[in-house]
Each structure stands twice: as C-alpha cells, then as structure tokens.
Amino acid sequence: MSDDNKDLKRERIAKRIVRELPDNALVNLGVGLPTLVANFMPKDKTILLHSENGFTGLGPMPAKGAEDWDIVNAGGFPVSILAGGCFFDSAMSFSIIRGGHLDVTVLGGLEVDEAGNLANYLIPGKMLAGMGGAMDLVVGARTVIIAMEHVNKYGEPKILKQCRLPLTAQRVVNLIVTDMAFMRVTPRGLVLEEIAADTTVDDVIKNTEAHLTLAPTIATF
Amino acid sequence: MKQICTLRAAVAQITDCASIMIGGFVCCGMALRLIDALLEQGTKELTIISNDAGYPDKGVGKLVGANRIRKLIASYLGPNPDVGRKMNSGELLVELVPQGTLAERIRCGGAGLGGILTPTGIGTEVERGKQIITVDGKQYLVEMPLRADFSFVKAHVCDKMGNAFIAKSSKNFNVVMAMAARHTIVETDELVEPGALDPERVSVPGVFVKTIAWSNSHE
Amino acid sequence: MKQICTLRAAVAQITDCASIMIGGFVCCGMALRLIDALLEQGTKELTIISNDAGYPDKGVGKLVGANRIRKLIASYLGPNPDVGRKMNSGELLVELVPQGTLAERIRCGGAGLGGILTPTGIGTEVERGKQIITVDGKQYLVEMPLRADFSFVKAHVCDKMGNAFIAKSSKNFNVVMAMAARHTIVETDELVEPGALDPERVSVPGVFVKTIAWSNSHE
Amino acid sequence: MSDDNKDLKRERIAKRIVRELPDNALVNLGVGLPTLVANFMPKDKTILLHSENGFTGLGPMPAKGAEDWDIVNAGGFPVSILAGGCFFDSAMSFSIIRGGHLDVTVLGGLEVDEAGNLANYLIPGKMLAGMGGAMDLVVGARTVIIAMEHVNKYGEPKILKQCRLPLTAQRVVNLIVTDMAFMRVTPRGLVLEEIAADTTVDDVIKNTEAHLTLAPTIATF
C-alpha cells in the first residue's frame, strides 16, 4: 500500500468518526491516528477538545516559529488553546475523564474483541508504550471509539474473538472504525454496520477473527 | 523562610538512592535545569516518579540514559524507547501506573489519605496484588498513596514564600507532586517578593515548598 | 452550548425531593439569589449538602427556617441554632460529616472514584457503620462518594462556556460541588464571552456546568 | 468573675500559646478563644496563619466599612490576606491540614482526658455545633494545642480521666492551656508544667479530674 493511499485511508477513518461526535460534545483524541479527527471538525457542531495533560479548548498547531512550548498536546507537541478553553492540573484533568464528564474518547488499538475488551498499551518483551491516560479514558468516557487499521503489519486480524495481549480495560469499547469497516459492540457481539468504499463484506469478514453479525443494511463510507 | 539557592545547591541535598518526583509531561513543565544539575552531581540509584521518561536526550530521559535510575514509576513511555530496552535487559525496574491513578496516588500522599478506590485497571494487569472493593455493585481497585523524598516542580514565577505560578499546560503533575514530597524544590524562571504574585494565580501554595532554585542563579 | 437563563428559570428545573449541593462557607461564596429563587418557588423535601446552614435569616438557613429541607448533610452548624432545635424535635434529619471528609467525598463523586481512605473520624461516632482498612499499620475509614441531582455554584465571572472564576475565599466547596452534580447551576455576577476570562483564572472548568443563571437577569 | 477579669485570663492563655509557636510555622486557629492568639503574634518570628475555608496569610479584620465579604475567616467574619498568602478551595485546604503540612492547630475544647482524647463538637441533645474542620485539624496537625477554661460554667473539671462526650479524635492532644495551667500530654499521662500567676498547684489539682504528674519545677505564666 502506497503512503498516499495509506494517508487517504486514515483520513477516511477520521472523517467517519467525526460523524459520530454529538453536538456540544467534550472529546479526547488519543495520540496518532485519532489526532487526525481534529482536522475534520464539523462546521455545524460545537465540539470542545480535551487534552489530558491539562486543558480544554485544544486548537491547531501554531505556525513554525510561533510555538508555545507551554501549550502541548498529549503527545508533547505544541498546539494552541481556543477561546473558551481553560487550563488545569493532572488531578483535575483525570477527574473530568474518570468522573463521566467526557462524552467521547477516540483511541488507537492493538486488539479489540467481541466483548469490547481493548488491548493497546503493551506487547510483552517488545513494545512498552505504557497506558498513559488510556485506561482512565476508556473507563471514564461515555462513548469509546477505537480508530485503527483493520489488520496488523503482518496482515493478521486485530479484531479477535478474545484479546491475547494484556488488556487496557474490559468491556469498554462501543465503536470500532478501521480502514475497512465500521463496527458496533453490542451485548450480542460485534455488528458490522458499514464497510469502506473499496472493500466488500466478504473481505471484511475474511480479515476479522471475531464473529461479525451483519446489520440489516450495510452502508458504505 | 524558604531556602533560596542555586540549582547546584538545591540538588546537593539529594543523595544516592533517594526517591524523586519529577513534574512534567513529555518535558512540558519539567524542571530540566534541576535534572541537569543532578546529572552533573552524579547522584545514582534513584527512584524516579514521573508521568513519562521524556525523550532520550532531554529531562528524565537523560537520567535513564546515564543509568542513574534504579526504578522508574511512570505511565507513558512512548517517546523514549530507551526505557523498554533497559527494562528488558534488566538494567531498570519499571512500574507502569495509569496516568489518572498516578495523579491520585500522589495526591493521596500529599493529602494524608490512605488511598483511593478507582475503577481504572479492573480486569487488567494493574489489578495484580491489589485489593478489590465493590461499592454499589461496581468494582474498584484500592490504590495506595505515593510519597517521595524530593519533588522537582517547574514554575514560571515563584515568590519568596514559595507560592508558585505554573503557566498553561505545564501545571500537569507539578501541583500534586509539590504536595507529596518531604522536600519540594521549585525551579523558577522568575523570583519575586511576597505580594508580587496575584494570590488568585497561585498554582502551588507556598506551604508545600522548602527550596526555591532560581534558574538565573545557575553558575 | 450552556443554558443561560434567569435565576427563576434555573431553579424551575428542580422538583420536590431533589438533592442539591450548595457551595459556600457561612454564606461566603453561597449562591444566595438562587436559594431565594428556590424559596419563592416553594420546592420542598430537599436533601441539602452544604458545609453549614449559614445564619437563620440567610442562605441555607432560610431553607431550614421555611421547613424545605428533609435532610441536611453538613459539617458545621455553629452559626445556626435552628438546625439543632429542628433536629431534636424530629423535623430535620442531620448527617454530620467532618469538613475535610465532606470535601473529599464530594470530590470522589465528581472524579469517578469509589471512595477514599481517611484517618479522620477513627475512634469517633463518625466511624459507625463504616469499613476500616489498615495501611502500613495505620487505620483509615473508607468514606463513600457523594453526588447530587443539582449543585449551586456562586461565581464572580462566568463565560458562556461555563468557565467560572470564583474570587478569594469564596471558592471553598464551590469547586468540588461543581464536579459532583448531574446538573450544575452557576449563579454569576458577571457574564462574559468565551475568551474574555483569563484561562489561568478559571476556578471551575466549564465542562462541569450545565446552566448559567445570571444574577442581573433576575426579574 | 467579672468580664474584665475573664478577658484578661483569656488573653493570658493566648499569650502563653504564642510562645509555643515555632518560627516559620503554619498555624490554624479555631473559632473563639483560639482566635485571640492572632492578636499577640511575636515580632521576632514569622508565623503564617491558615484559614481552613481557603487561604493562607490570614490577616487582621479590616476597618468598619472596608470589609471584603469574599475574604472571611472560618467563623464567617471579614478578615484580610497578607502579602505572601494565597487562595485555594476546600479540597486543597484540607489536603494541607490532613497531609501533615500544618505545624500547629489551636482549638477550643469541651473535654480533654489523660490519653489526649478530645471532645469539642457535640453535647448530645443540647449543643450541635458540628465538628467543622476540627476532626481533620487534630488528626493532621503536627502539634495540637487546646485552649480552654479550666472548668465549665458549673465549675466542674473539663480535664478528665476519660472523656464522656462524643470524641472529636483519639490521642491527638499535645498541650492544654487554660486560665489555670499549662499541661503536656505524655505517654505517661498529663504533666503539669506551669500554673497561672493567680493560682496554686493545689488549686489546679482540685479543679482537675485527671491525674496530674508534676514537672520537676513548676513555672508561672
């Protein structure tokens, strides 16, 4: 897959997620792919972005040379604060998250399974990213959206019957949006609601280990 | 009154094997000059409590690189691959703590609480060895307070009573860490007389602060 | 966007038997005009959570005097002898909570914690019916979160995003109470556009606020 | 006892307590008699006063007409803030208290006993003051000083073998200063260290239910 193509697919994920954000929502975007969501904010809705390192009103990156290194996002990169935002410390920031005041969190994933379990912070012996705020975010946010590639770099499914990696949290995921599909976690497992324009239902099923229930009508995004 | 001194004099009080909380979030709001002074001094076998390990060439990351840390308690190691390498080779002990739990455990330490009940970490490796309590049908982990011998707080303005203003998103862990150490050291860009800092803009009340290291007094 | 309305419209959403947290400390930082509007409206059988009951003729004390409260959860009743009288005559239920525990229980409610462990109250009537946990040889009471249907927050300046500046010592319980109610109502002296309030002077982040009652809009 | 005489005795208690405050101490003074201590602050020491409703740097009452009702003490009366003080909310205020950051608390008492138990918030069926911040203050402060009359209004001892009223806290009191005596709570009970200028050791013992160990020398204050 060419880099251009890859970028387009990541954009498609971000744009699809934007449509799930309710008006007046307080939203936290994880590092990486989820951050792209900020580039496609809907003009007809008021969305307030929360940055877990300590402010609301997260705005765009400043022009080169105009960075303020006291205003960074959760990845440590300079951003800006919009009118109506405010600063606070980490204890307050996570009170907002854990206390149920966050409407939506969008995070990346290594594995998601049929029960809505999520693994996204650790591959034993290989990758030690640390959970950062992820464990609190998925436990505290009203809606948890996972944004990720449908398969890993070896072409293996990331959407499983049961997660194998250490869990970030149990039964927390509400929606999974990938370059191939839009899936909802329900008490009866995963429901495939939409597929990407350049794929087929069969292709999605082939690249998914988890059982997918098909929605009555499968839309395209 | 507070001890007001150079960065070098401030860290001279720190001996090998000390535990230090270091505020900051991927180097934003991190007391980088105190860390540099500590590196120069050669102090080792440290226990560091910090949200992250910064970058390999900056802040806590430098202490990792120079093998000064015995144990690191942190939540997020993404920007510093050194940590994972040193952990896997057995050179460094790492305890991962969810970020919100880290903030609350430190706050508990500073606030005289014996712990908190949090839903975060239930059903994960984080719950290992911890007590679980059910309240109103929901499970919570009992998480214990964290305290340290020292804490490094980065301020933009500090008055001679120790009241510190920490600007914008650099507040992060600096506020709770100021509360939870036996000896809190503030590295400040600007030092002012009592009364010169608006009492409504104080991020850290001076009562928590013991030493003020004035960056400009760095020799 | 936030609901911006008169004091009367703000309290119109409160029905009999509701629970309300009311910030303030012996009337300093208490939303006196919201309380007056609630009195006018005649709402009764309330559960009120407040540090104190103010004076008999002011603030929460007026609600006590008019028999609108079924249960009062508070820490300090010194300035209002009415409360003791009504409690002894069985007209009013009173739950006394140590002030620091009250602040932490409310904070827990707002922060999604299942409770805290505090040394306060051990060996007193406060420990009755509560679980005791020993940590490092020291006993702690397990204290549960407090939440409410509504909270009344008194601000000096509030922007249209709900960010509130609460001046000087009137912050007191207003900050934690703003976090812990399903519906937080701010009574503000001054209402400004987003961006007009310095983001460093925000006492209560707007994300906790649902309704802004503008005192000057009182008809 | 005349009111003038009573005022003088209360002043004597306050002045004696002042001598116990270490230089650079953070001190909290309870409502009533303890508040008097603020009137006799030593010129040669730096004492910072903490007001549990939310600030440090508690200063004198403003002149009549110049009150700022947003700056009140724990009794709800207008006071002022000195240079170097700062404001905070109740959660932070009690973090300072409970977290061991307060050097001294001075509080009134209804009863104190040989073990250092304190009762000062409730007389069942009679007085319902509420504990306010007292339970946190005595548990959190490094030194707890009780300032009170030696006997109650019926002339009965308030310093007992064992408290009868509901306790504010167990084994927390360090010093008791009354109009008659200065006593220290030790692991072996109460030690009488000083007596007031207008009384005798015998008189103090007669008005005290608790057993008093006499210090090698008994000074006068």
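Each chain gets a letter, A, B, C and D, in the order it is written, and its residues are counted from 1.
Quick note on the criterion: a residue touches a chain if its C-beta (ideal position, glycine included) is under 8 Å from a C-beta of that chain, and two chains touch if they have at least 3 such contacts.
Small disclaimer: the values here were computed from a predicted structure and weren't measured.
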Q.
Quick check: more C-beta contact pairs at C-D or at A-C?
A. C-D
Q.
Centroid of chain B to centroid of chain C, CA atoms only: how many Å?
A. 32
Q.
Between chain C and chain D, what distance separates the C-alpha centroids? Give it in angstrom.
A. 29
Q: Could you please state the distance in Å, as a whole number, between where the Cα atoms of chain A are centred and where those of chain C are centred?
A: 36
Q: Can you check how far apart chain A and chain D are, centre to centre, with Cα atoms defining each centre and the answer in Å?
A: 56
Q: At least two other chains touched by the same residue of chain A: list those residues.
A: 55, 81, 87-88, 94, 97-98, 139-140
**Q.** Numbers and ranges of chain B residues touching at least 2 other chains
**A.** 104, 107, 111-113, 118-119, 167-168, 199-200
Q. Should the pattern of chain-chain touching be classed as line, ring, star, complete or other?
A. other
(Q) Output every touching chain pair, sorted by label. (A) A-B, A-C, B-C, B-D, C-D
**Q.** chain B partner contacts - residues on chain C that touch it in the complex
**A.** 104, 108, 111-119, 131, 133, 135, 138, 140, 142, 144-145, 165, 167-168, 199-201
Q | Touch list for chain B against partner chain D, complex | A | 1, 107, 109-113, 159-161, 163, 179, 193-195, 197, 199-200, 202, 205-208
**Q.** Residues of chain D touching chain C in the complex
**A.** 31, 51-55, 68-72, 74-76, 81, 87-91, 93-94, 97-98, 117, 121-122, 125, 127-136, 139-140, 166-171
Q) Which of the residues in chain C end up touching chain D in this complex? A) 25-29, 51-52, 74-79, 83-84, 87-88, 94, 96, 98-104, 107, 118-126, 156, 167-176, 203
Q) Residues of chain D touching chain B in their complex? A) 24, 26, 46, 48, 50, 55-57, 81, 83-88, 92, 94-101, 139-140
